[in-house]
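Down below are the structures I want you to see.
Next, two complexes with chain A in common: one pairs it with chain B, the other with chain C.
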Partner chain A sequence: MPIVEIPVGPQHPALKEPIRFIFQLDGEIVVGAEPRLGYAHRGIEKLAEHRTYVQALYLSERICGICSVAHTTCYVETAERVFNVEAPPRAKYIRVIVSELNRIHSHLLWLGILAHEVGFDTLFMYTWRDREMVLDLLEMITGNRVLYAINMIGGVRHDITPEMADKARKVMDYLEERTKYYKRVAEEDPVFNNRLAEVGILSPSDARRLCAVGPTIRGSGVKTDIRRDDPYSAYDEVPFNVITYDEGDALAKTLVRIDEILESINMIRYALDHMPGGEISVRVPMRPPPGEAVGRVEAPRGELFYYIKSDGTMRPYRFKVRTPTLANIPALCRMLEGIFVADIPVVVASIDPCIACMDRVLLIDKSRGKKWVWTKEELRRYSLKWYEEHGRR
Partner chain B sequence: MSVIKEVLRNIISRPVTLKYPQERKELPERFRGRITIDYDNCIGCGLCARVCPALAITMVNPPGKKDIRSRRPLVHLYKCIFCGQCALVCPRKVISFTHEYELASYDKEGSVVAPPFVKKGNKGGRELSKG
Partner chain C sequence: MGLIAWARRSSPWLLHFNSGGCNGCDIEVVAALCPHYDAERFGALLKGSPRHADVLIVTGPITRQVARRLLRIYEQMPEPRFVLAVGSCALSGGVFQESYNVYEGVDKLIPVDVYVPGCPPRPEAILYGIVKLLEKARGAKNVEK
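Take a look at the complex of A and B:
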């Protein structure tokens, strides 16, 4: 049978950001995947060179809506190295708490999307309902649900009061119980096992070779986490385990994320109990000395990398961002090889893409000379129907 | 077995969603809604306009006056990103955020926080469209 190429994407503004794939198909099996990036290019790095350091902070927050606090944490950690200032210890703990709350919300959101992709919409509703509790908590602490604006160069803007800490502890108790339930669902439910187990396997050697990051590489049994390897904020003082699973399939990546929620809950509890007192911010001059710095942060999706170069003026001379999804794209293409067309949504979702979309699938069957276009939603329905007909492989 | 348990639990439990226009959620104290500026105590230093990341604040002069000291900030809410940096840098702390979050309006007048000397009829005019 001849190899058939199908382009997928790039547009689907509603659910995910644009990315285009060309899949080479041998019948129902994907034998190769070729990505085409750059549809969501917004020129943020260049724009930041025309903004002051304070203004660029809010720009960096808007690179990603879901892991916005990871971006600002990375920005302020890097900028503080350029400015030669250090945030007070209490500010560092508040950064850890907000970052971990953000991780919980990101992972719950992702779990809901994955459940939606496999046709398990009850779980999707459940996780998004529980995510709302985290968003309420973040709104209480920072003043906004998504774009928190809590980090500033030299500290944080808002303090966490004892009443807020009490409320956060209560929410953590509730979430711990719910997350344990989701873990049981992921391990025992036949829907999850049928659709996720042994799908999109990434071997540890491939994961290392292709430089995967975050839960994607930890699902392949490679123990790496920026929070442990290169601690920032107060992560060197807050104890936690790096979660790894050895299977490397989509189910392993799911379990890594669910266990990370449990770890984050424990980290928030520890940080709330052991938060030192004192100031939450220090004064920072408008102009930094000339110099350059890099910063790395473990965002919910993996390692986030920032580079800032200063020439002594009020504006950064160069601002560079490498987001975790970009690092995961080569590994994703490897994972897509050898899977069924019906598994494409699940495998693409398994890296938690920040730019990914399968809006318009143009299917060309060369042997019959037929052409048709699928949207992402139709591809999802096709995958659900295909599994209804074929059952468990 | 667990499915039946979940179904029974959901039959007796109340919906999580609110009937929005009738029922409203209580907003936290730190919520950042519509900006208000206490123009009586504003000294017109212009720091807020310089620091705004979205360039949503312009400094406007009262009619007939050209000097730099009588300028007052004017906020375009359709440009505002509600980051709160202006409130943070304000030396007199006259900028604050209300809990009003329904900011849609039919004209530009409704989406502008303007000093009292800006005439009502002029708010959608050329003066506001620049900056």
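Take a look at the complex of A and C:
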């Protein structure tokens, strides 16, 4: 059978930013995947060199709207090393609380998207409803739902009052119950299991070799987490477990994320109970001394890396960002090899891509020179229909 | 009012296009469509294909790579078509102004009917924008090409 190529993307109606894949198919099997990145390139690194350190903070928050706290935390942690200042202990605890709330919201959002991809829209609606409670909590603490602007160089901008802490504890109790329910669904529901188990397997050696990060590598049984390996903020004081599953398939990555929500809930409870008193920010000069620093943060999707170089002026001389999704793309291409076309949406979703899309699928049959176009929705429907007809292979 | 205009007013179909934004507006657009805010009570339905859509929701500053694709999507939509620009980036480029790679606003490329400001706008604001657009759609004629 001739090899058929399918270009997928870059437009799409879903959440994700534009990316394009060219899939090479042998019948129903994917034999190769080739990504084309850069549709969302906004020139942020260059823009930051023309902004002051404070302005660049707001720019860094807008690299990604879903993991915005991870970006600002990484920026301020790196900038504080350049400025030679340290945030007060209370500010560090507030950073941990907001980061973990952000992780819960990101993982719940992702669980909903995954449920949508496997045709389980009820779960999608449930998780997005529960996610609203996290967003309400974040809005109460920071004043906004998505871009919080809570971190600043030398501390945080808003304090958490005892009333806020009480409300947060109540929401955590509710979320814990719901998350345990979602875990039961993921483990026992036949729809979920049939579509996720043994799909898109990434072996531990491949995960290490291709430098996967975050839940993608933890789903392959490799115990790595920047919060434990290179603690920042107050993560060296807050106890937590690094979750790993050994199977390496899409189900293992799902369970890693659900368990991480439970860990985050416990971390927030601990941080609320053990928050030290005192100031929440320190004064920082306008100009840092010449120097450079790197910072690493565990974003919901994996390791986030920042580099800032200062030449002693008000503006950064060089600003470099490496996001977790980019690190996971080579591993994703490996996972896509050998799967069915109908599994593409699930496997791409399993790395929680911040940039991924499958809106318009152009199918080209090389032998006949025939072309046709699919939207992402049609690809999803095709995958649901294919599984209805073929059942579990 | 004709049957088509009545159907369009009662059930506008939406196409959501991210033109290189940060995802912040995109998750708020989806949140507006989910049960908590429920834009579907206005008949609004998210579709995957521009050929089915009446309303194009654009988020993000237009990067140079997606500009041509945005134009192509806009041209594929049947008339009358409406454009809802959501978020500061789609209005003016937002924080990405002066970048070498963005167009600083959807209206530089295609005509925009309703602007929803905010970074990102709340789901309530997006709902308000959709309602405003429906009012505008009420006056629109069924234009033949």
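The rule is short, and it goes like this: the second predicted complex is superposed on the first by the 387 of 393 C-alpha atoms of A that agree within 3 Å, B and C clash if a C-alpha of one lies under 4 Å from a C-alpha of the other, contacts with A are read in each partner's own complex, and residues count from 1 in each chain.
The rule is simple: a residue touches a chain if its C-beta (ideal position, glycine included) is under 8 Å from a C-beta of that chain, and two chains touch if they have at least 3 such contacts.
The structure presented is a predicted model; accordingly, all values stated were derived computationally and were not measured.
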item: Contacts of A:158 with chain B and chain C, given as first, second, both or neither; value: first
item: Partner, of chain C and chain B, that touches more residues belonging to chain A; value: C
item: Which superposed partner A:59 touches (first chain B, second chain C, both, neither); value: both
item: Partner chain(s) touched by A:203 [first = chain B, second = chain C, both, neither]; value: neither
item: Touching partner for A:47 - first (chain B), second (chain C), both, neither; value: second
item: Chain B versus chain C as contact partner of A:147, first or second or both or neither; value: both
item: First (chain B), second (chain C), both or neither touched by A:313; value: neither
item: Partner chain in contact with A:84 - chain B first, chain C second, else both or neither; value: neither
item: Chain B and chain C footprints on chain A, overlapping residues; value: 58-59, 62, 129, 132, 147
item: Residue numbers on chain C that touch chain A, as the complex places them; value: 15-18, 20-28, 30-31, 34-36, 46-49, 60-61, 63, 65-66, 69, 73, 94-96, 98-102, 119-120, 122
item: Complex contact set, residues of chain A against chain B; value: 51-52, 54-59, 61-62, 122, 129, 132, 136, 139-144, 147, 149, 152, 157-158
item: Residues of chain A touching chain C in the complex; value: 10-18, 38-44, 46-47, 50, 58-59, 62-66, 68, 109, 125, 128-129, 132, 135, 145-147, 354, 359, 375-378
item: For the chain B and chain A complex, residues of the former touching the latter; value: 6, 16, 28, 30-32, 51-54, 81-85, 88, 97
